[in-house]
Structures are given as C-alpha cells and as structure tokens.
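In order of appearance the chains are A, B, C, D, E and F, and numbering begins at 1 in each one.
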Amino acid sequence: MPFPDLVHPALGAYESAVTMPADFAAFWQATIAEARTIGGTVSMVPADTTLKLVEVFDVTFPGFGGHPVKGWLVLPKAREGRLPLVVQYVGYGGGRGFPHELLHWAASGFAYFRMDTRGQGSGWSTGATPDPVGSNGQIPGVMTKGVLDKQDYYYRRLFTDGVRAVDALVAQDFIDPERIAVCGGSQGGGIALAVAGVDDRVKAVMPDVPFLCDFPRGVRTAGRDPYGEIVRYLAQHRDKADVVFETLRYFDGVNFARQSRAAALFSVALMDDVCPPSTVYGAFRAFAGSDKTMVEYEFNNHEGGQTFQDRRQMVWLAERFRP
Amino acid sequence: MPFPDLVHPALGAYESAVTMPADFAAFWQATIAEARTIGGTVSMVPADTTLKLVEVFDVTFPGFGGHPVKGWLVLPKAREGRLPLVVQYVGYGGGRGFPHELLHWAASGFAYFRMDTRGQGSGWSTGATPDPVGSNGQIPGVMTKGVLDKQDYYYRRLFTDGVRAVDALVAQDFIDPERIAVCGGSQGGGIALAVAGVDDRVKAVMPDVPFLCDFPRGVRTAGRDPYGEIVRYLAQHRDKADVVFETLRYFDGVNFARQSRAAALFSVALMDDVCPPSTVYGAFRAFAGSDKTMVEYEFNNHEGGQTFQDRRQMVWLAERFRP
Amino acid sequence: MPFPDLVHPALGAYESAVTMPADFAAFWQATIAEARTIGGTVSMVPADTTLKLVEVFDVTFPGFGGHPVKGWLVLPKAREGRLPLVVQYVGYGGGRGFPHELLHWAASGFAYFRMDTRGQGSGWSTGATPDPVGSNGQIPGVMTKGVLDKQDYYYRRLFTDGVRAVDALVAQDFIDPERIAVCGGSQGGGIALAVAGVDDRVKAVMPDVPFLCDFPRGVRTAGRDPYGEIVRYLAQHRDKADVVFETLRYFDGVNFARQSRAAALFSVALMDDVCPPSTVYGAFRAFAGSDKTMVEYEFNNHEGGQTFQDRRQMVWLAERFRP
Amino acid sequence: MPFPDLVHPALGAYESAVTMPADFAAFWQATIAEARTIGGTVSMVPADTTLKLVEVFDVTFPGFGGHPVKGWLVLPKAREGRLPLVVQYVGYGGGRGFPHELLHWAASGFAYFRMDTRGQGSGWSTGATPDPVGSNGQIPGVMTKGVLDKQDYYYRRLFTDGVRAVDALVAQDFIDPERIAVCGGSQGGGIALAVAGVDDRVKAVMPDVPFLCDFPRGVRTAGRDPYGEIVRYLAQHRDKADVVFETLRYFDGVNFARQSRAAALFSVALMDDVCPPSTVYGAFRAFAGSDKTMVEYEFNNHEGGQTFQDRRQMVWLAERFRP
Amino acid sequence: MPFPDLVHPALGAYESAVTMPADFAAFWQATIAEARTIGGTVSMVPADTTLKLVEVFDVTFPGFGGHPVKGWLVLPKAREGRLPLVVQYVGYGGGRGFPHELLHWAASGFAYFRMDTRGQGSGWSTGATPDPVGSNGQIPGVMTKGVLDKQDYYYRRLFTDGVRAVDALVAQDFIDPERIAVCGGSQGGGIALAVAGVDDRVKAVMPDVPFLCDFPRGVRTAGRDPYGEIVRYLAQHRDKADVVFETLRYFDGVNFARQSRAAALFSVALMDDVCPPSTVYGAFRAFAGSDKTMVEYEFNNHEGGQTFQDRRQMVWLAERFRP
Amino acid sequence: MPFPDLVHPALGAYESAVTMPADFAAFWQATIAEARTIGGTVSMVPADTTLKLVEVFDVTFPGFGGHPVKGWLVLPKAREGRLPLVVQYVGYGGGRGFPHELLHWAASGFAYFRMDTRGQGSGWSTGATPDPVGSNGQIPGVMTKGVLDKQDYYYRRLFTDGVRAVDALVAQDFIDPERIAVCGGSQGGGIALAVAGVDDRVKAVMPDVPFLCDFPRGVRTAGRDPYGEIVRYLAQHRDKADVVFETLRYFDGVNFARQSRAAALFSVALMDDVCPPSTVYGAFRAFAGSDKTMVEYEFNNHEGGQTFQDRRQMVWLAERFRP
C-alpha cells in the first residue's frame, strides 16, 4: 500500500515548522496554577469486581475548574513498599471503560491509573466524566470545541486534567513520586506528551502514534479524522484559519516535546493516515530529553504496534522503574 | 432504488407508538416561562450588504438561559403596513449563513427571519451562536448532548430559542402578530413543529422532511446520521437505553404535533433514509390541526422537494397570509 | 486532508502546457457567425410567481443551430435607467431551476439571467432545454459527446449558446451594453471563460472553481468526474487519445483565457479534486486581462467559496458596475 | 448475503402489474414499417484477422431511420448448407468489441452476429455506431434519453435496430430463415425479448438476467444502475413520473413477452440487484410461448450464470437447431 | 439503523431448519477417537514476561492428526488447590496473540487457556500454529477449505483441536476436571459450542455472537464475511450447493447445541450483520441444556457486548465455579 | 485520474532494486529436477462439448510433487503438421473455467493450453485442481501461504506446475517443440515470466500487466490486493518482514526476467494500482532477451489492454510462429 506521508530518509530528517509562542510556558503555568487553586477533593472507592489478584478503586479527582474527573486505579494485591505509577490517557472518543480491560501494568507490579476523558467516553469505550463547559459553533467532535480562543479550547481542560491526575495520585502513600510514567495511544499519546512537557515529576513518557502533534502539518496531511474536523471547520469558516492555528500552537505536542526531559519511548506507524508519521517525527525530533527511542512499524496504519508495543513498553519501563 | 421504510398503504396508515408524558405540556410551559423570566435584550443592527431591494438586520435575541442567539432579519424595502412573518429554522449542522442566501420570502413580501442554531453552524453553513452549556460524555454531534436528563438535553435549549425568536419579533411594530409562520427542513422542520406545538401565536407551520419525530422508530429505521448518533451511543452505553428514550419523549415531534392547531404543510420523501417517511407520517397523522396537507416526493431521499417545495410553500402561505 | 494537486509555490508558478491551435480564433468566429446567421427569435414571457420585488421572465432565445434555449431573467421591480447585466451559466448536470432560487443579483440592482444548459438539467436542478444533436458512442455524460470531431463536440454548441444569450439580452432596452458580466461555478465558470474569450462585449468575468480548463492536466489529475468520463472513454477507446486531445484544445479554458481582456475575479479551492487547482491556475495565469484577481480557499474541495464567494463577487462587481 | 428481492415461493408466483397499452402492437408495427420503408443498404466487408477457422465480416446495416448500424458476423469456415443464426445484443454501455472475443457460437456451427449498440460502446467494450438523434435534458446514460415521449425514446431506435439486424441477415443465402435465435445478457436480453416479441421469424430467444422488464418494479427495487438513472431523473423532475411511466409501458419486456411464441431459455440470478429477479420472473411468467425454461442461479448477482449459462445455451440451442 | 434480520417477537420464536445427520454423533466420536489414538505430547514451557502476578506457559499440544497446536496458559501465582479452567477460542482470522493481552480470567482466580487457531493467526492478532493440510480450490479464507467433503473440511480439524486442548489441560494436576468452561466470540463461540456439544466434561459454555450456527440461514442473511466466502464460492461453483450444504450440516452449531447439557450463557447483537441474530437464536433455542441464558445487545453490530459481556461472564461463571 | 505510480520519464528509467540470490538458478533447477524425478502420468480425455471446429481435451498432468494438475487443451480440428503451442496461465483467484471461453488461439491455428491454478479456481472462474499442501498461519489468499520459507512458499509449487505443463505438452507428437509460447495476465503473466526464466524451450513470452514482479516495490506501492495481503500479514507479524522479503526474492519476476532469452511482448497500464507500472517496467528493463516490446495503456487500470492486447498478441505471435 502506498505510504501516506514522507518516507525515509526525508521522514527521519523532518523538522516541524510549528513555532513556539513566547508565552507558552507561562500560559500553561497559569492554567495549572489556577486549577490547583480551585482544588477539590479526591475520592477512592473500592470497586466491586470478581478480580482477586488486584485491588480496584473508582477514583474521582478534581480536574480543570475543579470539575470531577473519573479514573480507575488498579493495584497489585501482592505488593510491598511504594509502587511505581503508570498513568494512561485514552484515545479519541473513548473513556476509561471497565477496570478489567487492561491489567498488564498492574500484573507487572505497577500502580496503574486510567484517566477518563471529559465529554468523550462514548465512541469505542465508555466514560463517566462530563465536560461542563460549552462551545462556540463547532464541528461534531472536540477538535474545534472552543478553538477560537486558547482560553476556551477543549484541550486546555483535558491536558490540565492530565496533570491533576498526577497530583491526585502522587499524594497517595502507596505511590513512589520518583517513578511516575505517563502513556497513551493517539490522543492519549498527545495528552501524555503534554503532561510530560509541563510536569517534571513525570520521569518516563510513552506516546504511541501520538495525535495532537504538528497541527499545521497534520491538518494538511492526515487522510482521516479527527484532524479532518479542523479541515471541515475551516472549509466553512473560511475566514478563521489564522485564529485557529494561533490557538493550536498552544496545544501542539511539538511544543510540549521541546520542554520535556523525561525518558521517552515513542512509536510511529509509517502507513498511518490518522496521525501521519511526519507529525510524530516532528515531536520526536523536538523532544528535549536525551533518553529517547523511536519504535517504527512500517506496515501499520493507525493501529500501530498494539500488543507488540505493549510488550516493548513493559520491558522498557521495567528496566527503568524496576517494579 | 429500494424504499428504506414503509410504503403505501401501510405508510399512510402508520400511527406512531410514541407515548405522551403526563407532564409534557407542563414541562414545556415551565421551560419557556423560565427563559422569559431570565429575559434579556433584543438588538437589531443594520447589516452592510450590496442588497438594495431589502433591508437586512443582524439580530441578537435572548434565548434559553438568556443566552444571546443570532439571526438574520430580511424585510422588503418597499412595504406598507405590518408584515406577515416567516421564521425559518436551520437543518442539522448548519447556521444562519449570510443574509443574501435566501431571499424568496422577503421578495414575496414577507418579513423573513432565519434563526441561528446554537453550537452548530459549522457543517454546511456558518453560524455565530455558541451553546454555553456543557455535556456528559457524548457521541460527536448534539443528539446525545445531555440526553441522560431531559433538563440537560440540548434540544430543550434549542426549541426554547425557537419560541424566544418569535417573542423577539412579535414585539416589533412592523410585524403582524396574527400572521406568524414557522418553517424549516429536517432539523429545522423538527424545531418548527416544536414551536408550533407550544406556541399558539404560530398560525402556520411548514415542516419539510422533518427530523426529531418518532425517535424510537427513527433510531431503528434510519440508515444514516444523525439518528445514528443515538445508535452509536447506545451501542457503547448498553445500559442506558431506557433513560435515553425517556428523555426523548419530551422532544418528539409526534408529541408536539398532538398539541398544535396551526395550519400545516408537511412534506415527506419516500426514499428518505435520514428521516424515514414513517416517522414523518407519524407526526403528520398525530397533528391536531385540521388544515393539514402532506406533499409526497416518491423518488427523493432526504433532499426532499427542495425548490419544488419552496414554490409550493410560497403559494400555500400566500393564500393564507396574503402578504 | 492531503492536497490532491500542486501546492504553493509550485501552484502559483504553474503554467499550462496546453497549446493554442493556429485556427482557434477563426474556428470560434466561424462558429458564432454561423449561429447568428441562422438566427431565430427571442421571446420573454412574464412568469407567474409570488415574487413582488422583482419581475421574472421566462426567456427563450436561439442558440447554436437556432435551437431554442431557455433562461430566467430577473429584474428589480424598482429600477431606473439601463441595468448592468449578470449572466450566469450553470454547473455540470444542472439546469436553470426555478427563478426564485437565486435572487441576490437582482436584489442588488442587476439584471440577472440564468441560462439553461442544453440536454442537461436533470442531475441536481431542472432544465427545459433539449440538445437536438446526437452523438457517436460515448460515456454517459457530455464530456465525450461528439469528442471525435471539434465540429461535433457538445461544448461547441453550449459555448455558442452562451454567446447567443448575451446577444439576446444586449438587444433589450433595459440593459446597459457597457456593463455585461458573466459568471458561473465549475462548468458554468468554464462557459463564462469561453464567452469572455470570444466576446469582447463582456467586461467582467467571475469564474468559480472553473471546469474545462487545461484538459490534458485535468484528465490526469482529477480524482472524480466529470474529467473521469474522458479517462473511461480512453480506457476503452485505447486508440483515440490523440484525436480526443486534439478536439479538446479548441475548448480549453486556458486558450479562451489567453484571448480575454475583461476584468476577472477567479476563485480556486486547494483541496478540489474535481477541478484541480493547477488547472484553474493554468487558466488564471494565461488570462490576458490586467485586472485579474484570484481568491483562494485552502481547505475546500470543489464546493469552493460558495456564499463567501458570492459576497465577494457582489462587492467586487458593485465596485466596477455601480448598479 | 441477503436477497435483494422476493424469494420463493413468492418469487415464482409473482405476476407483473405492468399494463399493456391498447396500441402496443400497432405502435411497434408502425415503427418497424417506417424503418423498412426508409431502408438502406447492407454491406459486408471481410475483416482482417489472424483467425483461420472462421470467416469474419464487418457488417453495416440500416437501422432505425436508416441510420447505419455496425456488427460482426462470424461464420465457420468449414460449413455446408444454410446455417442457423444466433444474433446477440450487447449489455448496457458496451459495443460489439472485436470479432475474436466470442467465438463459441461459430465454433459450434452457427452463423453468429453481434450487433453494435448505437451511441453506447464505450463503457466496457468498444462500439462504432453513433446515435444521431438528440435528447431532452437527461440523466447521463440512455435510460432517460427522450423518455418524455414514446416516439423519441432511445429504445425505440435500439429495438428497431434489433429487428433490422434480422432483416439484414435473413436475406443472405447462407442463413437458414427457419432457424433464427436471438440472445443477450442484461440490456442484450431486453433487446432479445423485444425482437422476439415483434418478429415471429425468431424461433428461439435466450435472455440472460434481462434488463428492461417490469420498469415500475425495477425502478423501485433495483439497488444499482441503470434503473437508478430513472430514479435520479424523477428525483429532479418531480412532476414527470406519470409521463415517464406512460412511455416505458411501450418498451417493457413484460409486454413483449406477452406477444412472443418462440422457444425461450431464460436465466435469472436471485442476488441480482441490477435486474431484480422478480422483474425477470415477471417477464418469464408473461411469456406466451409454451416451450420456456427458467435457469436459476441462487447465489449470483447480476453476473448471473456466465459461462455456465453459455454452456447451457449451447446445448439447448443445439438440440433445437441441430447445426 | 435498520435491523438486518428478524426482530422480536419473530426472533425469539425462530427455530432453525437445519437438519441433524443420522451419523452426526458417530462422525464426531470417530473423529475425536482417531485424534486421541494418534496422540502426541504436551509441552508447557514457562514464558519470559514482565508479569509478576501470574505464571505464563507456552503450551504445545497435539491436535487433530497429532499436529502441534499452540496456546497460552495463564495461572494466578497466588493459588491454592485445583483451579477451575476457562478455555477460550479465538475469532476468525486471529491467533493466540501475546499472553499479556487478556488477564481478567486469571486475575479472577481461574486457570485460563487461549488456544491458537491453526492456519489463521494473521488477520487481527498473531498465531503460531500451521494447518499442515491442503485444500481443493477455494475462496481465500477457511470457510470453503475442504468443503466438498466432510472428512476434509477445515473445521473438522479445528473443532477437534478444541477438544484436544481440553484433553491436554484436564490431565494437569492443578486443574479441577469438574470445573471446565469454554468460551469465545464469533468463530470462538462456534468452536466453544462444538466442543460443548461433543465433550461432556465441559460444564459451562459462553458463546458470544457465535459464528458457524445455522449455515443455510447465515449464508443467505449475513451482509458481510465470513459467511460471504461461501456465497462467493457458490457464485462460481454453481453446481456445488448441495454438496456444500451437506458438508456444513456436520459442523453446524445448531446441531452441536442439540447435544449439549452444559450451563450456557449466550450473547447476541440485534444489529449484527456478520452473525445474524436469528442464527444465534437458532442455536440457543436448540440448546439442550436447561441452565441457559441469552444476553441481548439491541444496538450492537458484531462487536456485541464486548467488555460488558466480559463482566457479565465473570459474574456468571464465578457464581457457578466459585474460583 | 491521478497516476498511482511513476510516470514518464521516471517510469521508463526505473530500475528495480530487487537483488538476485546467489543460489537462485540452483534453487529452481533443483526444484524442477525434483518434480521431474517424482514424475507421474499425463492423461488427455476428449471433452464433451458442442464445439465442432476444435477438439478439446481435459488434460491432467503431474505438477509439483507429482500432484495432478488440470488444464484444457484446444486444437484446431482442421490442422496439418505439428502445431505451435500457446500455454496460458490464469490470473489470481481464477481457474481454467470451461474450454469454450477462450477460443481465439485455437481459431488462429495454435494448440492452446490453459493450465488450472492449484487451490484457486473459485474467485472469478472455476478450477478443479487442489493444492494438497498446508500452510503456516496466513492471510486469506495465497500470497503469504508458506511465505516464511522459500521451500514452502505456494508459488514454488505453482511455478513448477507451469514448467511441468510444458513438459507434458512438448512430449505430444502434434506439438512443435520449437514453437512454444507462454502468456497470461496479472498472476498469469507472473507465472509466464517465471517459466520463461527457467525453461529455455520457451521461445516467446507475453506477460500482460504481470503480477509478482518487484515485490518490495509492489508491496509498498499497490493500492489494492493481492499485494495488500503481504502488507496485512506484516502489519500483524511485525517481526517477520526480513524473512518474508528474503523468501520473495526467489519468486520475483525481475529475477526470472534477468534469466530469459525468449522474445517478449509485455503490456503495462499506467493507472494500474494492482500491479503498479514501475514493477512491470522493473521486470521489462531487467529482461535479458533482445527481442522485447512494451505496449502501454495510459488510461487503464489493471484491466490493461484486454481485447486490444489480445489482438496485438495474435499478430505479434503469428509473425514469429507462422501457424
């Protein structure tokens, strides 16, 4: 099948043209500080399941605006000492689902937290977290929800939720604050990059086929949604391209990557027409940390490495965090 | 091409099984009363266009929650006395667009108002009206936005906007309050039915291939979106069907039709797989007014009668309102 | 979404390789002279509509071969002096429709004429004009109708109709012969370019995402019909490519553009895979007039600028023709 | 896969509701008489091929209006006495192609004639016969070409060509006029039925998955073109359904079948969504001859029996015509 | 969306017309006896993973013909006494994948075995088990592999592997032979039904949206593959329908269901066009055991209940097997 | 339509990067020698048809492993002396069909043999030849059947069958061993190239739009199957790309072309997205024979030249073999 984007050597050499706003760091510091100021309480309710090897908690923590955000926390029942933590963010349209769905991190000795996604959680797995904030006229989906102003943009809230999830968990006495990892595929990878870019407690980041990187190129290269939501928005709002791309600069994984020092395990799929490989390489190349690795899947589309990459991650993170 | 739904004689004999909630009228009276209590101001700013035969005003009026809602008001420049009014609501995903787009009502001697649709206005025409209210997790689009509670459902706000548009215009001295018509295609037809069902100032209603009628059947019969949004939501939220259909009863065009006494000109397309013809006939048959006509387009899908139906409406309404 | 064709800077620099036949001008002079010699009568019958601000005439004029061609003429009822004229040609498959469909030109003070398209008028709007001339074996559609000989090609008749429409209207005493504009989208834009290229009475031309430009490139670049009709024809008639492309040179918008001195407002959509943007730029760059402007819609496919472009045209033409 | 139409026992019991015009026979007698009166000459030019076992002639004969129609005549080189004749008509969009394409009839001892299709011959095989007659506005294709008047309808010309082909061949001294068979698939089957219905020289007819039968049902049942051309026409020309179906009665295979006494070998495919099986059974059941057989292919779509049916035909016709 | 098959009440009342061959039981007894006679050795090699809460073994056991078949065995590390066993079979095209993929059964205290699928394991997950037996000409896939003779049919080998997997595990001292369950989705559900139908050691069976049930109806009702493989085969091999359906009787889940006495938890999706709901109900209604439950998912296609059904199964089986 | 691959001049200049294994010739010599050693008997049974100008034999010959392989042999009944032979191999998924399907070679004075394809013969024509050899887990189809080892790969058997067909026929006394040609389209063209590359009795080869050439490029360029089977295999078996491409080197038409000295008539279609034109040019350029011609079809997809190319072949081969 034809490759939908650059191939090597151009691919490896690609540098994103996304520019860094002068107030990028300040914008995010203010955003997170504001959420922390609003605060809120964390609740952890044991969940009723048939699972015997792990403990499961139904967690609610205060996200952006103090809004309650849900997640599942899964801990190995047999444990000693503080646990390393893996926080996973979820792909576009999905939610936290059920706690029995993903057990390999807990089964490998990690505390595992899967954060729900506000206002999504209906497309391919279920969630239970509303997004109580409205929007300008928009294309169905969240890509253009509030996109006319960086203060209103949906991802300002979601990325902040991602940081506040770490806040909620790092405060628990069974978590080792020196061994925090974030991960996720597609949108989840984009959130992981954002959190790793603004929160230096994060020591490892594992973005798989990450979305939300190099928007100007993604919008013009991806053959399928969700980048297409922005195309369709601009196809109608023909006079709004400048303001939209100005907003997106503040949410671009390339800019978050430029700020992160965590260890990083990226993956990319060369036939991916949802998150084109050059956008992933754009973020990878910009990534400021020195311990970074890219895993390539030449013949995959956006499904990427799937369980092959899970296995790779389990080994890579076990080497670094020794659970 | 095969018909996607019932054909005659079963089609004409079809009666919707949608049930009327005991508190349906009360729910809507309370909703509209609450919006009127909140109130707000109406502004009408002359628009800068090249149009010389009509006057155009960029209108902002207070809708549900007092939220500002936009619309274009177009008046024939050559006029005398109070004008009959046609309010048009817009189909799914669209917005009010530009004032020069639809001039045939004003050119026929009517005051014409095209109401913007909150939070939409991006899919096939542009709008400028936000929906400042958030939502539970949902399928992209508005069909499941707030659907878990009738108080939160998106269409509670939009239908209320529809009534408040009439409030805003009927107060103007150039409008004849005895000659108010509402119309629209697809979603716009659904809104028109709702407004005609709760507001007896409306003397004529012209729903074309109306959407939002007979939800239980629409969801199980339509081959394409937007009814499919509800299917996809329930395909994930497998435990929410009862609560969803309970909410939808309060927004069903069949129930609004049961309450309306206006003169009515419906249209239906027999190959429509977006708004299946039985759902339209379900509303038509339930329609309580005695001056009602159905126009059928046997070989059309959801585009329905288009300009043929415009022409039909122009003649039909001119006979009744004598502009 | 990926761009289907050249992007800037290559796009702006693109020069069409279409060659000009030595007898191009002579061919068209002879063709038009022949049609004028055959002649015929123009009839203008007032149409029965509800419209009060405009007068509508059902016009029949003699086109190519003296064949009767229909059109709607719409005049502002409130007018004084001679009116500037806008003639609009219709896109592929459509016809003149109903007179109430497009009123913005008349509402802006122009005489507006929408010419029917012979033998089409069935695909997305209705027409009432036959094409009484037969054809060689062909692909369904008109792209290969008579394509084996430039004398027989369908567009020889249709372009001639376009000039004869101007003939019919310029003779009316309510039209100002110094203020003639032609316009149209897609096929309509191609006809407009052709008429502007052979008739110097035309002072302004407004082709939107014009079709029928730079055939050799369009046939090899467009991802969808109608250029695909030619591809499918040549896929069967594997021995006819030379004769087909020889015919098409005489009908290529690039060659008409090389001959026109009118003021021009083009539009192009960069994601257009029906009329690839390089083919539009090929005509634009070749356009011989000095007052020429290109409006770009980066994120649109063949729908182009739609009502945004209408608004742009209304302002642009009002500045030049001062209705 | 789901069946797109009736299944047994309803299928076998289906009777078409197509009505027979009182002047059906008179219309066709007049049409054919008129063509014979116009007359014209038949030419047979030996073709230059590498074929050694057969003789090939490039035939031109006068069809409807005396228009020249092409065909390939293939004769076994080793022959004695007069030959039985098989005339084949071609499916929608195709033409006579090359003479080497179909040799099994000549190789079995028949004179074989493949008639070209006027104005088609470009979609899946090539033809060389123009249709010199024009048309009203139409949908691309021939289904609505002239459909507003039975005198103008395209198939009036094509069916007449089919009879005139028999006229041309039966006059040759190497043909046995008592052993004339006609055949064809899809449109070719429809032509064969028409010819067998108006020309009693035809002693055997072999329609495979015939098209052009039971138009009212075909138009409302077929999932794909060409019946869809009529649907699309009526979807625009919303006021023309009555006149269109009135025309089609004169061209319906069901009515031709009611008039034919030839031996008949039909085939039908139960998953055919181009020529729905009930339309084929409608013609079969109406077929007036007593020696009639239906071959069913349960799991085929419109490809029908293909080479299985060829083999069946070869045996069936050999039994009757003993070449 | 329209339902692709029967709905209630016809759905619940549907009885399959599949007939039981007189030698059905004998055929399967002989087949399994033959495989046991050939025998072979079972190997269990500890797998190298990061998983700490479970033990994983890479199992190879002798299947049909003694051919080596792979599987993953996962045991809770913290365990006491013999474990109840869950054997899962895999859906069409997939393989056993990696052991970390599905941990919820082991995490709930069960021994869990996921059997690889011979000759598949490439479409959506990977496998490592060849099918060393060849085939007649066939449609790509396994549905027609050897279908001309019940002795050669692919599923004779695969179903036998399913029984031999139970043989291999029941012999281990950590397994409780009184608590054996089998499960699987789609093809996996069909295998589970087959194993439960011939092996009375199986005390519980959990088929989700099972495939391979009621072939005659599935082939004529399903809108998508794999049933379509059989349709395409018969569309070419037009003379083989009888022999194919005769073979399939010996592999039909309806017939296996008639023989099973296990407790059963079925699931069905009413919008499933891969395994139409009537085929599932056909098997459910025929199921001979008295402790049987059907879980319905009204708005799902072939994905069925997914994690909702997992959760349901975990509770249902825990009640019966008390791990 | 856009070209899916290189265009001229890059196309004509393209050189394949496929490398030749050092043991390529040895591998094939050993393979063929082994098959000849196993041997087997050839049977030729007169077939019962209605055909009178030709004789037809149902041939069974021993292929790879001595497995019986079928074919139709068609001879002109009127013949004298030994006949030149054309062996045709069949495209992907098809089989030998019926003998009456392709008669133009026999009708031109050649002995014509159409070889069946083991284990295929179900997709678009029927076959009667099993492939008695099994496979590792694979993608449906034959492209990955045994691909992990060159000894097991499906095409090792099929190409050997192709040589053994020549063995079977050249031994007949009515065949002239000095006039042997092989041909085929797509997969058939790939087989023809392979046979011509290992068997110097073949004096002419006519590959049309050949498949199985330049695998590394085909897999990365083709937009449709069957190359896509390999992509999907590698998308799951992410760790097997090296071994797969190592196997494929031994079956690459480019390498066979490097070894052939026959006269060659290639054809290529420039819009072919099944067998991309660069892969065909890769083989053509590598072809070692000096009498080689490429026929180009610019506007065709994988259907290529069809009957135009048949005609071309008939003339080209008649010039060389003078039947």
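Methods note: contacts are C-beta pairs under 8 Å (C-beta built on N, C-alpha and C of every residue); 3 or more make two chains touch, one makes a residue touch a chain.
In this text, all values refer to a predicted model and were calculated from it rather than measured experimentally.
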item: Chain labels contacting subunit A and also subunit C; value: B, F
item: Neighbouring chains common to subunit A and subunit D, by label; value: B, C, E, F
item: Required minimum of steps from subunit D to subunit F, each step between chains that touch; value: 1
item: Same vs different contact residues, subunit B with subunit D, by half of numbers used; value: different
item: Option in B-C, D-F or A-F whose residue-number contact pairs overlap A-C by over half; value: A-F
item: Separation of mean Cα positions, subunit E and subunit A [Å, integer]; value: 37
item: Rounded Å distance between subunit B and subunit E, as computed from the means of their C-alpha atoms; value: 50
item: Approximate Å spacing (C-alpha centroids) for the pair subunit E, subunit F; value: 39
item: Shared interface positions of subunit D, touching two or more other chains; value: 125, 308
item: Pairwise chain contacts under the document criterion; value: A-B, A-C, A-E, A-F, B-C, B-D, B-E, C-D, C-F, D-E, D-F, E-F
item: Subunit D - residues contacting subunit B, complex; value: 4, 219-223, 227-228, 231, 234-235, 238-239, 241
item: Complex contact set, residues of subunit D against subunit F; value: 49-54, 76-78, 97-98, 100-101, 103-104, 106-109, 125, 307-308, 310-311, 314-315, 318, 323
item: Interfacial residue positions of subunit E with respect to subunit B in the complex; value: 1-3, 271, 297-301, 303, 305, 308
item: List of subunit D residues in touch with subunit C within their complex; value: 93, 95, 117-142, 144, 232-233, 236-237
